[in-house]
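Before anything else, here is the set of structures, which you'll find just below.
One chain, chain A, links the two complexes that follow: it is found with chain B in the first and with chain C in the second.
Showing the complex of A and B:
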């Protein structure tokens, strides 16, 4: 008989092994799925996990990996602070959108000024403030009126999407776009463009910001009083209050940081890889980042790796679609499996499997 | 530092390789790529593009290889998807949605030897052609049927985005509906999506609750038809595809996009080495738009009138013939006048009689 026994303490060893195990189990189950669809499972797994890193065109895909992972990591780092303290910001997508709109608006307002030293930093500032401001709505509603930040932040995503559509059709529309929606292309406006810093590497300012955010979050959580307060609040809100944590201040800090980082991500995306404010500029980074945060166990280094892994499944998944003719839905199912198995094997960190009869307690 | 140099050096070398791939003449198979905005099973817009792809396979057999990627988000992801296809050795790539315009142009710059075809956009380059169908011609006979069939005189219209293509369709449908029935009113809802069955169903439901008994859609799923079927006594028009599963009612006819002749012609041009950057905009006459079978509750005389409108347009009559005023009452077309294509391509106004404002 197999039964589960709760570990006295979560196993450190298993907490490192389970993500790897989850990936392996996903490869097996996903391979089976692809085989049922009539594709060579080994080739499919190879296309998703190996080719983007080491295949013929890896020089292109490695860069794309950073482009895709950059915003995910940046947003997830911000979210993880709140999640650790039990503050649930589900609306990073909205903060990302508003950050992009504010950043782009500043750039477009200054068009065609050539002073990059002025335009680009101002855009960054506007992006940060935009995301921060949007996140302050659920934060202040929570601290003043005790509303639920999950609901408020989530619903504000839909408000942000409407604002985005309105901006693409109205205020920020390209005056030379002959009536079509969408702003000027910022990546073609030298002073505002967030180009690759080294051609072909995918490394743009947003990716740099993501790496810096990882380091800052690490230092904050491990070396700083505020980081201690965040962790303590998450583990025991009551104890935290006795230790002098002011919950309202923590709510403002966590939501604010997450909003600012999401806004920053949006600004770097709109001025670089995406280039334009369009009606459907947002492609779900804010929601995917929630998965990245948990996949990385809310740990800065974990988030870095999780962001890269998820980006790999996206990019490899696209390659599998176009090279092997796999349907998009199969790739989504595959990504879903990864998360499902991660949560499933996660049990092993908290429980151990015992084979045999249970001892009398 | 060393690793960086390696990466960028390797990148540059490989890029040159990709760019200087041998000419098409040496290759046995022409590789044709398609980038779709929706799933191929949407039963509408993307479905028809995919039918075009299948027709290419059927026509050329072993001489072509096709690849496609569905549900590609517009923006940075599209650029990667297109690049990936070009790297994978595609000789010609069709990008089938307006939002793929800038990504297509960007990728085309990096792959001068690959041909690109962008659907419904306006930016071209030496290796980027554009093509679209005159969907608004399809709206004309449907508008006539709508005007004749409505009992409440309220016609609902679900628009995807307020862009010239969609506004043109609304105007065309309205002009012909009003000629059939001077009392018609249009209620317009913007869905802000090309494909989202839930939103489209909500929009249709809202229009039906407002008293509309005819539903037009300029979105890609069959959800509005399902809503119309549920409400009963409401008719609708198939969009982009025949949507035959809702025959004979609520779907009474449809505007079908026919891409196969164009795709076959362009792939042939690549094979022959005669491909050039062109701008194609065909309607009923060119066979790029078809009127679906008219079914169900439409009486024979209305059916005959609708078919006559289609035939006249196919023979060269314009879907917009003056006198037509703009919404604010200012003249647009004088008696007997027809618009230039340039006017149509940038259309950003409603014609007289349509209530409400275009969102901006």
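Showing the complex of A and C:
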């Protein structure tokens, strides 16, 4: 008989090992999936995980790594705070979209002003406020009416997508775009562009913001009262209540931070790598960030590493798409699989496996 | 805008068609939640059912086999959730999300060769003279059999939960898994069965979408229907007939906004398209605020992992 025995405390050692284990298991299972699709599994895994870093065209791919990892890390850091406290914001995709729309709207409204010192900070502020405001909807509904934040935040993603379509086709459409949907290209508007800071590295302001967010989250969780309250609420909501934690304030803080960071990520994306508001501007970063947060064990440094890894699957996935004809959806399934395996092996952190007959106490 | 182009009988009839995918998914999720499990993967199971059903219906030419395959596909996928949450004791919220993300990817992968194909149609059930009743005939008696199956499922789930012994056990497991375990009921098995049923229903709902409602296959075609189904279970305060009302209410909004679009209302299409989601949020708010019964009626063990310590 195999039995599970709850550990008095989650195992520290296993909590470091399980993410790595999950990635390895996913590679094997993903390889099997690719084999079913008729691709050489070893070659596919190599194309996704090895070639972008060390292959022939690594000089190009390495730059892309930070471009993709930036928004993922930024969003995941925000989400991780809530997830730790048992507050489930799964609508980061919507907050990302609204942040991008608000940031772009401010930039476009000030076009063609040349004062970068004014335009760019204002756009950042607008992006933050946009994401924050959008996240406040589920937060206030939760605190005021006790509405489930999971469902509201998720449903708002679909609303945000419709607003995005409306903006790309209407209000924010490029007046000189000869009727094509999509806004003016912000990366060609000097005062609003989010340029690469060091050529060839992919480092832009969004990536800088992501690194700063990692540091802040680390300090918050380890050195600050609020971080302690977040961790306490996650482990024992009842104990937290006795310790004087006000749950409503925590909901507002966690959802607000996550929204603000997601909005920030959207704003940096629209003014940099993407350049314009289009109907299909969003590419699922808000959902992939959920995987990043869990893979990073909700720990800031872990999220940093997990963000880089999932960015790698995006880039490697694109490479596998063009080189091997691997469908784009295969990568999406692969990422979902990763979360599955992670949750499965997580059992080893919280439980001890006993083999043999159970003893009578 | 010309409102006279909207025929109430046809509006009501299409309301039933529009509501059925969500109704099927929601009634399945109701049973799952009654057993104390929160499966947020409805969206993923729905879309997987949609492509399984679509692919099998196209390959065999039989929509009936398509629905069977959709139910099987949804149930199989739900078992990954079942094994993870029941044996590996993983967090139900996170696992449900993983199921949705994985289902969306998997379905897009499976559906690659099926974009732009028209599936075989499912004829309406011949109800003889009933179909000729003015107004009511159009509204109620000229539908495909899946609509009647969905209604029968609602009645069946209601009777099962209210009158059968197995239903009582299922509810006991959902209210207090420790007490049910102490009485000797197999908590994990009951929950696995409930999860599989929920998966099969979600699969059917998805297939109804791809085979009848749309009928076509496109990536991500469920567009949040699974999440709305989850919201409808809350709206129904975990009662079977409430699910029916909730789903038809939602279907009504969806159909009305489509008709307004067609009638050329002076509201941008995007704002009409977002109305079903907004209405769902509004309904959630009303149901969960102080006077609503939703919070009181939730199964007490909802979302908690069960680990038998002895």
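Criterion: the second predicted complex is superposed on the first by the 333 of 361 C-alpha atoms of A that agree within 3 Å, B and C clash if a C-alpha of one lies under 4 Å from a C-alpha of the other, contacts with A are read in each partner's own complex, and residues count from 1 in each chain.
Please note the rule applied: contacts are C-beta pairs under 8 Å (C-beta built on N, C-alpha and C of every residue); 3 or more make two chains touch, one makes a residue touch a chain.
Since we're looking at a predicted model, the values are computed, not measured.
Superposition model on chain A: chain B and chain C are shown in a clashing arrangement.
Once the two complexes are laid over each other on the shared chain, residue contacts for A:347 go to chain C alone; chain B is not touched. Legend: residue contacts after superposition of the two complexes on their common chain; A:329 is shown touching both chain B and chain C.
Of the two partner chains placed by superposition, chain B and chain C are both touched by A:165. In the superposed pair of complexes, A:50 makes contact with neither chain B nor chain C. Contacts of A:283 after superposition on the shared chain: chain B is touched, whereas chain C is not. In the superposition on chain A, A:185 makes contact with chain B only, not with chain C.
Of 148-156, 166-174 or 220-228, the segment of chain B running into chain C after the two structures are fitted on chain A is 220-228. On chain A, the patch touched by chain B and the patch touched by chain C overlap at residues 165-166, 169-170, 327-329. Of all residues in chain C, only 40, 80, 84, 88-91, 93-95, 97-99, 101-109, 112, 219, 223-224, 227-228, 230-231, 234, 268, 270-271, 273-274, 277-278, 280-281, 284-285, 288-290, 295, 307, 309-310 touch chain A in the complex they form. For chain A in complex with chain B, the touching residues are 57, 59-60, 62-64, 67, 161, 165-166, 169-170, 173, 178-181, 185, 198-201, 269, 273-276, 278-281, 283, 315, 318-319, 321-323, 325, 327-329. Remark: chain A residues 4, 6, 37, 88, 90, 141, 144-148, 150-152, 154-159, 162-163, 165-166, 169-170, 287, 290-291, 294, 327-337, 339-340, 343-344, 346-347, 350-351, 361 touch chain C in the complex. Those residues of chain B whose C-beta lies close enough to touch chain A in the complex are 4, 7-8, 10-12, 14-15, 18, 33, 39-40, 67-71, 73-77, 79-81, 83-85, 87-88, 98-99, 102, 122, 161-164, 192-193, 345-348, 359-360.
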